[in-house]
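First chain written, first letter: the chains are A, B, C and D, and each begins at residue 1.
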Amino acid sequence: MTGAQPKLLRHETVLAALTMIAMAVLASLSDKFFTADNLLNQGRLMAEVGLISLAMTFVIVTGGIDLSVGSILGLTAILLGVFWKNLGLPLPAAIVLATVCGTFAGFVNGLIITRFGVPPLIATLATLALYRGLAEGISEARSVRGYPEWFFFFGQGEVLGVPFQLWVLGLATAAAAVILGLTPFGRATYAIGANEVAARFSGIRVNAVKLWIYTASGFCAALAAVIFVSRVTTTRSDMGTGLELDAITAVVLGGTSIFGGRGTIIGTALGLVLIQALKNGLALSGVKGDGAIVVIGLVLIGAILVGALFDRNRGG
Amino acid sequence: MKKLTLAAIVSLGLMGGSALAASAWTGGDDLPTNPLACDGTPAAAVAKPFDGGMPTNPPDRKGKKITVVDVPKLIGIGYFNATSKGIAEAAAELGNVDAKTDGPTKANIDEQITFIDNYITSGVDGILFAANDPVAIAPVLKKALEKGINVVGYDANSTPEARQWFVNQAEFNGIAKALVDNMAKEAGEDAGVAIVTSTFTTPNQARWIAEMGAYAAQCHPKMKWLETVEAQEDNNLSFNQATTLINKYGDDLKGIFGMTSVATPASAEAVTQAGKCGKIAIVGLATPNAMKPYVEKDCVKSVVLWNPVDLGYAAMMVLRAVADGTLQPGATSVKAGKLGDLQVINGSEILLGSPYTFTRENIGQFDF
Amino acid sequence: MQAEQMSAAAASDVALPIALAGISKSFAGIRVVNDVSFDMRPGEVHALMGENGAGKSTLIKIMAGLHQPDSGEIMVSGKAVRFASPREAHAAGIATVHQELLLFPELTVAENIFIGQTPKTALGAIDWTAMRRRARQLLDELDSGDLDIDQKVIHLSVGNRQRIEIARALAQDARVLIMDEPTAALAEHDVQRLMSIVRSLRKRGVAIVYVSHRMPEIFALADRVTVLRDGHLVGTRPVPEVDEPALVSMMVGRSIDRLYPAKQGKDGDVMLELAGVCHRGAVRDISFQLRRGEILGLAGLVGSGRTETALTIFGVTPATAGRILIDGKPVTIASPGQARDLGIAYVPEDRAHQGLIRPQTIEDNIALANLGRLTRGFFVDAAKVAAEARGAIARFGIRARGPGQPVRQLSGGNQQKVVLAKWLATNPRILIMDEPTRGIDVGAKAEIHQLMRKLAGEGMAILMISSELPEVLGMSDRVLVMNGGRIAGEFDKAHATAEAVGTVMTRSYARERAA
Amino acid sequence: MSSAALSPGRSNLRRFLTGYGQEIVVLLSIAALFAVVGAVSPRFLSDTNINSIFAGNAYIAIAAIGMSMIIMAGHIDVSVGALIGVIATIAGTLAVKGYPVWMAWSVPILFAIAVNAGVGTLVAYTRIPSIVVTLGMLSILKGGLISATQGEWITNMPAEFMIAQMRPFGIPSAVWFMVALTFIAAVFLRYTDFGRAVYAVGGNMEAARAAGINPERTVIGVFALHGLFAGIAGILFATQLQVIQSTVPPNLELTVITASVIGGVSILGGAGTVIGSTLAAILFACIGSALIFLNVSAYWLRAVLGLMILATVLADMARRRRAR
């Protein structure tokens, strides 16, 4: 990897510079932006998308995509509520069981993709509808509320002055970066994305790796669901709608190639931070939400364009 | 082809199975209902102590210029355009308020929370909101109160302790009574009726539907509830759903309730295009501008709604009163500019008035 | 050095279908083609030879209009031209049969032949009836009446695809046909068929640029031969005036004396044994033994079950019946990972697709099959990976900037060495090599042959699959011939002659095709 | 490679079945749906209901035609829903402001063509994956639309503007458009060089270049054409009802992409037909309507829909596996 690394990191360098510039501009536009309070709070808000983006990076590096994560989040949230309220399970058991179910939903995605050979885009397009439908059907549109106070710690609590979920996100990011960058599993992930057949012929257990990754994607979505429910103190079947596009945007902005084989967790983290900073900073500077959406669209195209031009100038 | 046939059989079987499990009455929530009396005698008002929240150490804002942000459920629909207009109107009238509206482009609890959070950080003096979910929005509103920000809700409430006051456009049971009474009048006591709503998770709509069921059971027991369909806040989907209902039930369908300002005009359009004007009654909540063509063609006889411009106006006035300290817990009424005195109910709610019924005669006078 | 050639070209300029004079071309500052002159006479087969990287590909791409020369002149029928695009080259009557067979898998045979120049009706719409009729006609002329013109190309074999490319060139009324290594991916039978097609084209007056590494074909087909080395023209000679050693030394700049190294040492114990192994219909009841230190050749036509047998041993398509024994002990092999852990290595036939992750670096590729060994704790040990790659570069003589160079930038021979290095790093005891020297120039080919012999001498058991009969006969200690998914014959070194092996390979060809 | 596939003497029927497998599957599903639902509830088969199923969803089918071409060419467009919203708003605004009706129809279509040609240029020449460009475009169009309109509804459009509500020969004009455009697109793709170039570029870009096709121009052309179809879809969408919402129709892009894919367009490019995508759009519309007719609990509606999509996909996969 040593040889390829400078090349892989080139996009990340551009992105880091861009993020820095954006931060500086936003800080100059609003004195409320660059305060510890605000930044920590933004960390709290981006934890759910962040967790999902981490797993999404793996998925996209293998050349796949997972559109069902938002629906898995919704399904897990609903199950958490139903297990606790309707089945009367103790809350910790309900949390664990719901997380297991969400993880299983990801596992099913993986099975459809590896066993039946359905292209990931189509498989998860179908489960996007299916899982959301299950959430709606199981909940019958009823919200579950009234969770005990201790449960809110996951979404609203702080440890050493830093929001709890930011610790989770930080640890998960570090773990994901290490797994993707430094372990045999990470190597296998890149190899599958760059050339699946050659990876299989090299003794990589391609289907097993993919199954793990889609399962992990389900797990991350489930984890995000628990944090989300704890943060907003209620469960609804429409939770997490559209989250998949946010996560994909962050990953792609982070330089991961949508064709697979290329991408880093650092890039994804930078992509996440840049998007969140833009949303927040622009709002604080008095730009309305719809304006911020336009800016994010322009930044996405612009950043990838700049990265592509850099690549072109280097390679003959 | 074998597997295909199998897949087809499985899916159809599944559809059949779900069909058996279907219940006719859907869409309401499971909270207790409180139907009004059939003849409209107001229920005895139960005096309730103030149950709203209070900001922590708010600065003295009396008479000073304040910045206010209005975060509705979503932006880009006629209804919240109208409330936003009312807020701007009130702000202009007061002269010492700097108000703007900003919010998510879809009715999404998470995005709404993020918007409010950002405005807390940017340091506004007051927040007006219409909640996508009463519970989900509570933590961030409490945070606003802790930062000394005045918080007033309108249209869709949060849990009481998370805001100071809530401007209630009309009580759920009042709306339900108006809708069901109008339907019974137009379509007949034993009419078969269907409902087009946004989603089953939208709290206000779910509440109204529950109250309508309860009220009809009590006062119009012969009314047949055929079906409730979801149509998001989407014009074309609402139209398609309403059309399907018309085709499905044929002459058994005598009336359609539109539960949102999107569903009602789309349902009216469906009835018009199906050539069923006068055969199928449309009763629902809607803004007058969207309904004018149908009311003028006499396809729709009555549209129920409070005046959303007034609702926004009142919310702004209440917020100013709270900031100035003129509205204190325990008050029984509040002065709201051109609307006069508004009554305090349920401890910390301010009632805009009874719902308004637009008809062919008066609809021309409204423009929102 | 080619003065007389040049003057001859100048004299009959007008008649020449294409003549290149003093062509140079650089990429990113590196001169790939340097002052090369080259011409074609009508109805001749002109072989273009040179090691990989000698500039052959660039030269033919210039003729085909895919690249524009930096300097020099292209004359078509005596007129100076400049091709801005392949379309203009087509219009000038120059067609190419590409090595990578540029076809559209989801389109039909007929459409693949005519795409870009479809027959039109009076209304300007594509005339499918005429197109299918003419496609039928063209294929019949190519003695390929067995091809279904409405078949999607995705279902066709390499040999059939190539005939479609040739038909496409004919459809363009090409007067110059460039064939880039047309036999590299063909089985022996298809090679014969191709050569007869080339001869018939020559009779029709088509000038054929024939790029190939295979000496027998050159001597059987070509009228003249041009050799390039390092972007320079070494010379153009009439074929009757040169012999194989002369051509080889023109290409590599030195002489290579022994193409096939002799066996060293003796065979040892049985290492791999197959007993009645089957995989669906492709591999039927295969039984054989492979000994330590032995190179066992597996001959047969493409589709005869050779590669399929290798894939079954390697666990890509696990056996559906029969037993596989290693060191006499029965084993189950359900995945390539298991095969690797049992000491089996497989160098696949399709390097770009199955052998390498081309965008990744040399060290990444080598590490991929050895991740279990190259770790410290849970992590990949970057130092070990780099050391491993450096060792391989030195040991196999891989010409590269360093372990961090992406393999797609390497030449075919060096890429093949990376694949070999990857698998030898797993310390295999059984090495399966599928077309080990396909598309590799003479120099690298000899190096790989030497290496195979050396590995066998060290006690490795090697199973070699090859479509090149000389290679099979030259390298193998024993030859198995496959036909229709079965082993149809076995020859020891002494009895393995081209005639004997060839007969068994093609014996029941008609039956196989019907299957 | 099945033996039958190689034998030159195989029947035309078999060739037809393998060539149009997915289209036939979808068609059979529609037929099965009509048979079953019609048996349960005869009103489902009434001409008014069939008319409304087709008319109400024609714009999705038309957008799916363009999307199919994009996917065949090896690309994708996730911004089509937003584009349709923008087109509808521009058209409605022009109509209300009193511009002639032909302008209110054509200007937004030209706008859509221009926008998509721009996207196509970016995709073709910078080699940025189309999903990235259109993901960005989605944000820009969506945010831009709301900024410009603030969600103000458009009402009181002149009657002659409402093209989707016209009923030549008793059949809604949207249905005419759907049928005609599908037919034209199918003929165009089959009988013109550009149409074949779309398949060629999607199937093998380098081969296309070598065959004298200009892949960049083809990609730009396909995007522009997609803009044309999206534009027409947008006009029908705008004129279906008396109100234009001036927002982005939710999830429209997913519906359109799903229709293309279920209709047999290979997500890998190079294969598929527009007839398939139109049939798939009709199938979805039928399912949506049938679920109401079958009294499927509205809560479970989406789950059933998801399951049916999954069943179709798995059946297709099984069919392809057998064909191999």
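In this section, contacts are C-beta pairs under 8 Å (C-beta built on N, C-alpha and C of every residue); 3 or more make two chains touch, one makes a residue touch a chain.
A quick note: this is a predicted structure, and the numbers were derived from the prediction, not measured.
Visitor: Over the chains that touch one another, what is the least number of steps taking subunit A to subunit D?
Guide: Minimum number of steps from subunit A to subunit D: 1.
Visitor: Where the centres are mean C-alpha positions, what is the separation of subunit A from subunit B, in Å?
Guide: 34
Visitor: Centroid from C-alpha atoms only, then distance subunit A to subunit C, rounded to Å. What do you get?
Guide: Distance between chain centres, rounded to whole Å: 44 Å.
Visitor: Using mean CA coordinates as chain centres, what's the subunit B-subunit D distance in Å?
Guide: Computed value for the inter-centroid distance: 34 Å.
Visitor: Provide the list of subunit C residues touching at least two other chains, using ranges where the numbers run on.
Guide: None at all.
Visitor: Touching at least two other chains at once: which residues of subunit D meet that condition?
Guide: Residues 142, 146, 297, 299-301, 304, 307, 314 of subunit D each touch two or more of the other chains.
Visitor: Please output the residue numbers of subunit A that touch at least 2 other chains, ranges allowed.
Guide: Only 136, 140-141, 288-290, 293 qualify.
Visitor: Who touches whom among the chains?
Guide: A-B, A-C, A-D, B-D, C-D
Visitor: For subunit A, which residues count as touching subunit D in their complex?
Guide: The touching residues are 112, 116-119, 121-123, 125-134, 136-137, 139-141, 245, 248-249, 252, 257-259, 288-298, 300-301, 304-305, 308-309.
Visitor: Using the touch definition from the top, list the residues of subunit A that touch subunit B in their complex.
Guide: Spelled out, the residues of subunit A in touch with subunit B are 30, 32, 35, 37-38, 41, 45, 48, 136, 140-143, 145, 152, 156, 228, 231-234, 236-242, 279-280, 283-284, 286, 288-290, 293.
Visitor: Can you list the subunit C residues touching subunit A in their complex?
Guide: Listed in rising order, the residues of subunit C that touch subunit A are 27-28, 314, 316, 335-337, 339-341, 346, 348, 353-364, 367-369, 371-372, 375, 378-380, 382, 385-386, 402-406, 422, 426.
Visitor: Going by the contact rule set out above, which residues of subunit B touch subunit D in the complex?
Guide: 3-4, 7-8, 10-12, 14-16, 18-19, 21-23, 26-27, 75-78, 80-81, 105-106, 200, 227-230, 232, 234-236, 239-241, 243-245, 247-250, 262, 265-266, 269, 273-274, 289-290, 292-293
Visitor: Residue numbers of subunit D touching subunit C in their complex, please.
Guide: Residue positions touching the partner: 1, 3, 5-8, 10, 15, 187, 190-193, 196, 199-200, 203-204, 206-214, 266, 270-271.
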